[in-house]
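The first chain written gets the first letter, and so on, giving A, B, C, D, E and F; residue counts start at 1 in each chain.
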Amino acid sequence: MKKIEVIIRKSRFDEVKKALHETEVNFFSYWDVTGVGNEKQGHVYRGVSYSTSDIQRRKISLTVSDHNVESTLETILKAAHTGSVGDGKIFVTPVDEAYRIRTKEKGTDSLS
Amino acid sequence: MELLTTNNVWMMVCTALVFFMHLGFSLLEVGLTRQKNAINILFKNVFIICAGLLTYAILGFNLMYPGSFLAGVIPDYFFDLFGLSAPVADGALDLAYNEGYTYWTDFLFQGMFAATAATIVSGAVAERIKLGSFMLFSVIYITIVYPIVGSWKWGGGFLDGLGFYDFAGSTLVHSVGGWGALIAIYLLGARLGKFGKDGQSHAIPGHNIPLATAGVFILWLGWFGFNGGSVLSADPSLTSITLVTTCLATAAGGISAFLVSTIAYKNYDLTMFLNGILGGLVGITAGADLMSPFDAVLIGLVAGGVIVFGVSLVDKLKLDDPVGAVAVHLACGIWGTLAVGTFGSMAGFDQFLTQLAGVGIIGAFCCISAFVILSIIKATMGLRMEEKEETEGLDAHEHGMDAYAEFGTVHDR
Amino acid sequence: MELLTTNNVWMMVCTALVFFMHLGFSLLEVGLTRQKNAINILFKNVFIICAGLLTYAILGFNLMYPGSFLAGVIPDYFFDLFGLSAPVADGALDLAYNEGYTYWTDFLFQGMFAATAATIVSGAVAERIKLGSFMLFSVIYITIVYPIVGSWKWGGGFLDGLGFYDFAGSTLVHSVGGWGALIAIYLLGARLGKFGKDGQSHAIPGHNIPLATAGVFILWLGWFGFNGGSVLSADPSLTSITLVTTCLATAAGGISAFLVSTIAYKNYDLTMFLNGILGGLVGITAGADLMSPFDAVLIGLVAGGVIVFGVSLVDKLKLDDPVGAVAVHLACGIWGTLAVGTFGSMAGFDQFLTQLAGVGIIGAFCCISAFVILSIIKATMGLRMEEKEETEGLDAHEHGMDAYAEFGTVHDR
Amino acid sequence: MELLTTNNVWMMVCTALVFFMHLGFSLLEVGLTRQKNAINILFKNVFIICAGLLTYAILGFNLMYPGSFLAGVIPDYFFDLFGLSAPVADGALDLAYNEGYTYWTDFLFQGMFAATAATIVSGAVAERIKLGSFMLFSVIYITIVYPIVGSWKWGGGFLDGLGFYDFAGSTLVHSVGGWGALIAIYLLGARLGKFGKDGQSHAIPGHNIPLATAGVFILWLGWFGFNGGSVLSADPSLTSITLVTTCLATAAGGISAFLVSTIAYKNYDLTMFLNGILGGLVGITAGADLMSPFDAVLIGLVAGGVIVFGVSLVDKLKLDDPVGAVAVHLACGIWGTLAVGTFGSMAGFDQFLTQLAGVGIIGAFCCISAFVILSIIKATMGLRMEEKEETEGLDAHEHGMDAYAEFGTVHDR
Amino acid sequence: MKKIEVIIRKSRFDEVKKALHETEVNFFSYWDVTGVGNEKQGHVYRGVSYSTSDIQRRKISLTVSDHNVESTLETILKAAHTGSVGDGKIFVTPVDEAYRIRTKEKGTDSLS
Amino acid sequence: MKKIEVIIRKSRFDEVKKALHETEVNFFSYWDVTGVGNEKQGHVYRGVSYSTSDIQRRKISLTVSDHNVESTLETILKAAHTGSVGDGKIFVTPVDEAYRIRTKEKGTDSLS
């Protein structure tokens, strides 16, 4: 099993979610984070213009079985892509074990 | 003199209350839409009251109260069109203006009304219209369309001659705004994601219901001035019965929308309750001075039902009205105007037909005007934000600002 | 006629201000409770003002101002019970009603008061009561209990005969609500997690203190009408001294609660300051027209202390009152009523005893009524949400809606 | 008698509206600052209105309206200094006080004004001042400095003799607050992080712009009472022209600030629009009864520009004013006072010089007083929170409470 | 050392926290996430009824020494359990190193 | 590649950010979490004083290439340090793969 952590633009979230659903990945968790990176954004507040690289992003975390990793990655890489600076990152990390709390199932059975 | 002073005090209080309705509209609209467009919505509302007062001073007021017409329809605006025509120039004031209140009170009270009509549109087109285009449209609508319609009845024009009755503006204010809203949301199209490919309607929940609720309470408060001031004097019996009918119809509108929507959707839906309250307010507005308390309750009960079905009808027509402006201001505005022919001291079949005629004529005029103005704007400046801008939020693109900079910002491009 | 008009204008302004208090209560309650129940709290408040006005029109008003009694206690409600008995039917209005204001103004002003009593209960029972049960209880309480108590004094009943004095309702409105709240929180039990197994009290902080603060300012504003309007005319000296005593007692109540709680808890506690302000308002209400400014300040200072100790006493009794309704409306209501016998132009030992008697009789009646009504509801429909529903939030279970759909939703079942 | 009653009703309504401005200030300030200091800001505002009323009753009122002076400058406060000197003791009221309203109404109206001056300071020093020090400063400022300045003009002192004109307090209220704010932010220094090491100004966005917007609407509403009540009677022509000039200047101020800032910063900046509205309000205040509607619009247009440049000037001077109090209340207060010599029925070069003199004398007095008071406080109790406390938030350190306990708490030490 | 990431119902949080404290696990971090999974919830808004699988959850993240993993897992599996769809998941992932910032301690010493 | 997860005091965040920028680490994501640990804080609410160990913290997550781990850790350990209880923790976990969504780059190239 692998954990896939994705940081995307909030405005691509609906696309990514739809794309994941189409590849039958119907389970994940997400939350909002602030990202610091190459992208800069201009703001104005009471006459002070400023530019910040602290930009609101959405983070998706999902754990998939090993044979699903590739397809999930491809799906996300496609759906989250706009081509401009700031599209975000994907990180794949190892998972030792997973449990479904309801049934106490372990391993890949617990994922769906 | 004593009476004039008292009348004038009451009218000034009412003016202040009608002014305060603009906060009510702002909070209602901002509460029922999404965080990413909150600054934009507030900006529009703040703009409307400011620009509305100025344009009404420059042009609208004299256009609306002309007393004379060409062919009875087009206000005869060759005199006194620009600028307030103070009865006596240079600061000295004419107290002989009328028995009810001074010229200046009159202007300010009417100016607050004028701005209301455009605010109604603001809620319906929220979250997708270009700010510049909206500002242009609303200025034209307040400055030209609203006063012309107003002049037909309150300015002594042909509808007044026909016997059309609209006490405080179910049609002259609310429907005028409501028709504008209807045409605008038709031309604009729905917000992205509002209707699925399969045509199914999706809910886009508002982000701050406590503020929306506060907005409704403030609007109800403002209506004490809106209807109470439309008596145009402090006449004790007329003002007090007006406030009673207003409050009872409102209460009935709320309770009825709550009951109907609970039965229809098996759920205590606060937003329907709130819309029902507003529906009751709009519904009683045309005949608030004609109704007995019991009539008022009936009008409110019907208005509550109109709201629940109106909201769902708008949805079925694939029109996207985030705050329910069409159901509240147009549907209940029409209902209230017709109710004058059905309930209360003027009820009668002839009156009903006259009311219907008024509704139809004004509706046609507003629709055509709004359609022409908006189509020209659409063709030139464009009406709608680009898809990317809409997805990412109008606040980021038009204002570069966040409404709640620390509760999860929404900036993202 | 001129004077009637002026009086009526003042009374209408006061009516609008008392109406506005319902927004104050809504914001205060919603601010001092948790996000997951915000829709529910707003719903209750919106319901109360709507239902309260309607039931008061149908029944309460005629029950409260009967002028005649059976055995001096039970309002003689065989005449004119249902529906407003307009002095003259069919729209024509009787201006001879009295010198102060019209019949309709009277009804509306009193109707706004009536709804207040139920709102007080709403805050105390927040976050755990079933919506349906609460609605039923509050309708019965507004329609029957409140007007009967009111009739004993303001309707010319036996307490009036005894010489009991309650200018604007420290007892007749606030304690009536406060007793209802006390019985209700006793029967309901505390919110889950409020008291630990060891009996220790836990804080459950409110989720939006800025809104709660706005609510308190709005309540203070509303009290200009609550007390100012209770003069029942625009009499310049009485109204203005009433406003002065009201504001000074309020300011003193706030400062005193702030100082006492700072000393007691070594902390600048804004919620205590706010409760102190409300305590000052409730405390001065019974005698606002009798006090000198200096008396008013003293009454407020005591009220502030009553608040701080009242809140902690309620807590020690293992009663759970999220907004402090019992301390504010009951404890300070009693204090204010007794203060009429202690300070100001009616002070005296006999008066004090009369006041005490009034407090006791009304307290007993309210407690018994509330207990009976609530017990029957508890036995039939049930009073309290299930544990799971309470944990997950009333908004999810009763309304299927979020108050703040984008700031971290709370739906979770 | 009838007229007195009517006048008094109007003055009481205005008093209530001016009171309500304190909610406007609270919301504006809390909205334009950060979440971690929200409780602190609300606390200060609640404190000011409570303490302000009490100290004004004890000392300020009699100091401000003495009628007699030592050397024409120092109010002769040997008589009647402490406590309200009710015209007739012991509850009986003197209605002969004047034609406009009762003594008590006068006190309450003036007391609400007094508290306003300190509130202005509160916004400017937000997010870094020690609560105790601020409370001490504001009590002294309201109790001594404000009434002495007021006595020079409204109390019949030497500035009144000179012909200085300030209708409702552009200088006497707003500049007095503004100068205090200026000195205070100079002595306090900027918030951590406001100015970079390179001296560059950083934006510290406010956390709740919808509340700030509501605050501005409420302030505008309150100004109906602030200016309308400053007529000191319900005179129909004076009150109504005053409301018209007030509203038109405000609208013009908003539109002008919006246009100027859009041109300057290529952005629709809502906070500038809001500040422009306030600038228009402050600007018209000195001469609201002297101006024609057209003059009022001009005054507002200039005020809007003053705001945009004033805000950026304060920034350039490395002064940190989170809510723009200096630009709004000081710069526009000065502008409004000078405008009396430039526009309207008193315009003239001599008048202009008199106005300038008034601005200068009062400015000097306020600056020196504020400087002395604040310096003493700084030397003894200290003015500013420690760096750690400021970083972690005043709410955590002064109050141990969160403004929004569930939206991401900010406690962290 | 292992990192245990848990996604639970918000309404079970107090139970889980208490249970962890009872097993002497007094240190963790948590935040709110939105979960997408098998559970669906009905909502109504202005007359539109809809059902969503985006449900508010709470995520707990805690790092424990290897010999504590089992007991912690058991505790959570028990305390977070209701038996209905939507009880959540537990993921166990490897941790290379841990530091306590205050003392610069490393390894299991840094955890408590 | 390693993922570095840091839990710090919110009030140290600006320092940490500046320090990271100075060591040329200009990319990371952060969000607010509630931390439970040794530190306790006193609160008062309507007369009830209570002390809680649920304290608002900020979590920073950043993935760096192996040879940057040491320097980044040092930077954070220094910048986040105050010496009082509650300074927070750092956890280092393995990362299998990383992608930049914009360019589809993999591995350390995707990180900057």
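The rule is short, and it goes like this: a contact is a pair of C-beta atoms (placed from the backbone, for glycine too) under 8 Å apart; a residue touches a chain by one contact, two chains touch by 3 or more.
None of these values were measured; they are calculated from a predicted model.
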Listing by label each chain that touches subunit A and subunit E gives B, F
Pair in A-D, B-E or C-E that repeats D-F, with over half of contact pairs matching by residue number: C-E
Please work out which of B-C and E-F is bridged by more C-beta pairs in contact, and write that pair. B-C
Any idea if subunit A and subunit F meet via the same residues, over half in common, or different ones? different
Whole-Å distance, C-alpha centre of subunit A to that of subunit B, is 44
Quick one: subunit C and subunit F, Cα centre-to-centre, how many Å? 50
Where subunit B and subunit D are represented by their mean Cα positions, the distance between them in whole Å: 33
I'd like the Å distance between the centres of subunit B and subunit F, where a centre is the mean of that chain's Cα atoms. 51
Residue ranges of subunit B touching at least 2 other chains are 2, 6, 9, 13, 205-206, 208, 267, 269, 271, 399-401, 404, 407-408
At least two partner chains per residue is the criterion; list those residues in subunit F. 31-32, 34, 43-45, 57, 86, 93-94
Listing of all chain pairs that touch each other, if any do: A-B, A-D, A-E, A-F, B-C, B-D, B-E, C-D, C-E, C-F, D-F, E-F
Complex interface listing, subunit C residues touching subunit B: 1-2, 4-6, 8-9, 12-13, 15-16, 19-20, 22-23, 26-27, 30, 38-39, 42-43, 46-47, 49-54, 57, 83-84, 86, 90-91, 93, 95, 101-105, 107-108, 111, 131, 208, 211, 398-407
For the complex, which residues does subunit F have touching subunit D? 9-11, 14, 32, 34, 41-45, 55-57, 86
Can you list the residues on subunit B that touch subunit C in the complex? 2-3, 6-7, 9-10, 13, 17, 34-35, 205-210, 213-214, 216-218, 220-221, 224, 228, 234-241, 243-244, 247-248, 250-252, 254-255, 258, 267-271, 273-274, 277, 290, 292-294, 297, 344-345, 404, 407-408
Which residues of subunit B touch subunit E in their complex? 201-206, 261, 264-265, 267, 269, 271-272, 275, 308, 311-312, 315, 324
Per the touch rule, the subunit A residues reaching subunit F in their complex are 2, 7-8, 31-38, 53, 57, 59, 73, 76-77, 80-94
